[in-house]
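There are two complexes below, and they share subunit A, which is joined by subunit B in the first and by subunit C in the second.
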Partner chain A sequence: MRVLKFLLKRLGSIVVSIACVVAITFAMMRVVPSDYFTQLELRYGANTAGKQMLDLQRQEYREIFHLDDPLWKQVGRYFVRVMKWDFGPSYKEPGEAHKITELVNAKLPVTLTVACAGMGIALVFGIPLGIFAALRRNSWIDYTLTSVSMVGQVVPPYVLAVLLTLFFAVFVRNFQIGDSFPLEWLALPSEGWGSWKNVVMPALALGAAPTAAVARYIRSSVLETLEQDFVRTAVSKGLGRLQVIVRHALRPSLIPVVTVMGPQLSYMIVGSVLVEDIFRLQGLGSLFVNAVNERDVPLVITSTFILAATVMLINLAVDILYSVIDPRIELK
Partner chain B sequence: MEENENTVVDPLAGQMLPDEGLFGPGTPADAAAAARSERVGWRHNFRVFCRHKPAVAGLVYVVLLVLASFLGPAVFDLDYEKGDASETLIPFSAEHPFGTDQQGRDLLVRNLYAARNAIVVAVVSVLVGLLLGALIGAFAGYLGGALDLLTMRLVDIMFAFPQILLLILLLVAIPDSMDRRISMFVAIGLTSWAGYARLIRGQVMQARNEDYVEAARCLGASNSHILRKYILPNIAGPIIVAVSFGIPSAMMAESGMSLIGLGLRPPMPSWGNLIYEGAREMLGFPHLVLWPSITFGLTLLAFTFIGDGLGGVYGKDR
Partner chain C sequence: MERTADPSALLSVRNLSVSFSDATGTLHAVDNVSFDVRDGEVFGIVGESGSGKTVSLMSIMGMIESSGMKISGEALFRGRDLLRLSPAELSKIRGREIGFVFQNPLSSLNPVMKIGAQIAEAPVFHGLIGRRQAKEFAIHMLELVGIENPEKRVNDYPHQFSGGMRQRAMIAIAISCNPKLLICDEPTTALDVTVEQKILELLLGLRDSRKISIALITHDLTVAMNCADRISVMYGGAVMERGSAAQILRNPLHPYTRELFAADLENSRRRGREEGEALVSGSFLRREGCPFVPADAPPFVSRSFLVPADGEPGHEVNRLHLDSFAGGFA
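Coming up: the complex of A and B.
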């Protein structure tokens, strides 16, 4: 019962926040100085006849897309559509009624896969590295790990993307590991979304910061846990070092990791906006950037909505996970 | 240096926080002494800062970068736009240590200008965000009540909106005719005020209820006197730390936006558009993308180290 109340409350606040986000986006797209048609004109150029055509089309669009309605009506209509998971046509293809839904259905999995792979990398590498650094506290290994994780945390993913790709492409190839080095792993020369190998590089670039964060948190919380009474009891019972860590110290140390997972996953999903173009990935991020550059208003609004909603739902999921790992934490 | 850690040599430094007096809460006189020692305390603070080696390295790097990027182009009369068509795509030479690009423009010069743009945009937009946040946060925290509730709801909405997305939408909404650097100040300032507002509100609320503020008020100090002499010195530390971490994130915002074509526009160099242009020719001419990536990464690290050092000084971790 309490869980249900918690869920309803959180979902309610998510709906309110989303409504605000969508309303702000609608409002911003109204005041944008150059619209879809001026962008078309800029890109392709237009003579007088062409300009008249564009003006006619602009009038037509005002009716098709209800651009003259007041803001609350637009937002309301949008939410009715969202309920049916139908985002309507885009400016580019006003004839296809379900175009945006198709785009979202095709591109959301790409972004989510990369983000989840990044999280996987963060957990698989971050947890052992953090434990290792904690056990070898203040040794050179600890210092090296700490400073490398600093770099991972500070340098933005697109810079890491470039450096990683350069490293693999130029250095690995030059050092004869080879001509046989599969270039499709770089995700770069391939045409977008093919095999799972395309995921590796983007996931590494995006996963560096979460890996660093996880390692940092694990390190400090393992250090803290190792000084607790129950760990001392376990040691004095004669348990081996490994057993003490895995059985007793790890579980309480995982809690802070769960708290960083939410922000880190959000970071990777929103970060897709900056990274996908470099890797030529066809995900939500590049969808959003292209839509913004073309001023394709319905597409901008829907991709903002999807990105924001995904981030908020992930945070909710992490909060629930939090209380599963540590039942002492109440859902509030 | 090492033995100073335990025995405080400077008698006024670092121990005069008014609420830590031996006999309970301090008197206004204690607070005034603390405010005085604040000035002497700079020396002590600097020593604490210098104990954090990476922070010193970061500071040295930033000072050198600022000197090179602000004075270098002026002193040596360098131009980021003019290229030499006979010297295109040189990877490395004595004359062009960072090489040249497709139009024969020197990449060292372009990197210096990119550094200058990044620093100017970051510093100014952090100040814009801080000013907005400080005004809103201080009013909310000091006055409380319905105003406080309203502003905090606004802050919540700002946090719910992913920052990059809001930044992109704002940059699209700002007219193109405006200098892109100014639109970056506005956009980054408008997307980053919420964090400062929340921080300053909390600090002001906390400081407002301290006994020494109460005592000063009893003695007839005016609101502005209290704010300047008692509250501001006590909340300055966390604000300085927040600002020092705000600068690298504003730099990231600037270069990220330039990367996707919404920030500074070529030919005006920015680390973002240098990386974007270089990445397209990455496999053939790695030097195009290597140098901007490295200088940008180092700069971010340097600012973060400085932030860590300041965090140590003001007893606040990230």
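Coming up: the complex of A and C.
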């Protein structure tokens, strides 16, 4: 019951926040100095006849998209639609037949899969590495892990993506195992969504930095927890050092990791555009970046809506995770 | 002083010295300490913070991890010298044959683990019970240490327990493998006076019902007098006086014991010996002679040693400073 109340309260505040974000985006897209048609003109150039045609189209759009309505009405109308998961048509393809919803439905899973796979890699590799470094504190293994992870943290995903492609496509293929190395792992489907193998490379590129971050946080967090009195109790039971860490020190040490990783997952979803481009994934990232360049207002607003909603839902999930990890933390 | 360990005792410690070294110098936390814990007795070690009472027991159990630690002497437990065992061998004894109760029950219990799981962990780990019996076992242990409604409480987390209940749970953990020896480090210091009495009663009851010997580390001489059969009084890493509780109560020979009785630590501070000075400052360099003698006293030629008190078998006192006090320090 208390959990239900908490969820309703948080979901309510999420709806209000998203409404604010959408309203701000609406307002900002209005004051931006150039619109969809000036962008078209800039891109393709236009003679006098062309300019007239664009102006006509602009007038047409004012009606189709109700651009002369007051802002609150536009926002309200948009919001009512969005509640039904209907983002309306884009400027590029006006008319109710082509809806942004279809684009989102096709591309959102791609982005989410890559981001979650990257986060999965970060947790699956980062946590054991961090534990291992803590276990062998101040040994050469620890120093190596710490410095390698520092490098991992500062190399941006798009650089890593290029390096990974280079390594597997050129380097590995040039050696014996190269002959059997499947190209599809390099994720180059021309259309839509390929097999799970297409996820591996982008997830690696995206997950490397968080892996390093997780390892470092787990290491320092575990070492801090090891100073606690209840760890001494665990030692007094006769448990070995590894068992003490895994059974007792790890769980309380996860709190700071969750704190850091929640926002990191949102960054990954937002930042997946860089990796999507390199691996030619049909994700949301490039759709949204193009939308901004073309001043395709409905698409831009949809992107803000989706990213804002994702970030807020992740934050909600993080808060719930806290109380799962530590029973002393109550949901309220 | 006896030179060789007493094999008839459950735990026989001889000439134990523990020092910690780092770049700033060497700290002699325990200096040439000997004691026995016999079957079925409560052995009290009394002293203020920094007197070495905790270090002397925790170091031989491998519970102190410090790169600069040096330990020498002998600690015979059921025929095996704990100081000669590998860490793996020692951890097989820890929890299984020797249980520990610590001072602050809230911080000593894992906050994110159910009480029942914490109680059953050691016996499952040491292979005494199966995983499936864990819960039933934990309920039984909670009942044994006097916690009401154990079927429900077994699923609680430590923060849902009261202070006294937490210490009872801690005791349940300590005795979960039916150990021969229970090391209680200030078990009641963090508790209310009324709760303290109940916890001590519980410990003494367990001693009788389960034939467990108890090493009781405390700064509170009254607690030691009430519970212990024999007592060692420690100061500055050395034993000042030891004997049966009755002997020490009747005839405290050492001035430090008398000071403890009078709870006169304020006085000793005024004489320049801050409580815990030895460990806190980290600069306690071993001097010749008894540590209780002020640093500006004339130096003595030999290390501290214990001599029997007249006509009282088992009652011994640190001789050196008796001489020195006779010479005008008392």
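As a convention for this text, the second predicted complex is superposed on the first by the 309 of 332 C-alpha atoms of A that agree within 3 Å, B and C clash if a C-alpha of one lies under 4 Å from a C-alpha of the other, contacts with A are read in each partner's own complex, and residues count from 1 in each chain.
What we mean here is this: a contact is a pair of C-beta atoms (placed from the backbone, for glycine too) under 8 Å apart; a residue touches a chain by one contact, two chains touch by 3 or more.
Here the structure is a predicted model, which means the values were calculated and not measured.
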| item | value |
| --- | --- |
| Comparing the two partners subunit B and subunit C, which touches a greater set of residues in subunit A | B |
| Touching partner for A:154 - first (subunit B), second (subunit C), both, neither | first |
| Contacts of A:198 with subunit B and subunit C, given as first, second, both or neither | neither |
| Which superposed partner A:264 touches (first subunit B, second subunit C, both, neither) | neither |
| Touching partner for A:211 - first (subunit B), second (subunit C), both, neither | neither |
| Which of subunit B and subunit C A:24 touches, first, second, both or neither | first |
| Subunit B versus subunit C as contact partner of A:113, first or second or both or neither | neither |
| Contact residues common to both interfaces of subunit A (with subunit B and with subunit C) | none |
| Complex interface listing, subunit A residues touching subunit B | 17-18, 20-21, 24-25, 28-29, 31-34, 150-151, 154-156, 158-159, 162-163, 165-166, 169-170, 188, 266, 270-271, 273-274, 277-278, 288-289, 292-293, 295, 300, 304, 307-308, 311-312 |
| Of all residues in subunit B, those that touch subunit A in their complex | 156-157, 160-166, 168-170, 172-176, 248, 252, 255-256, 259-262, 275, 278-279, 282-283, 286, 289-290, 293, 296-297, 300-301, 304 |
| For the subunit A and subunit C complex, residues of the former touching the latter | 228-230, 232-240, 243, 247-248, 251-252, 325-328 |
| Subunit A contact footprint on subunit C (complex, rising order) | 61, 63, 88, 91-96, 99-100, 102, 104, 107-113, 118, 121-122, 125-126, 157, 159, 170, 173-174 |
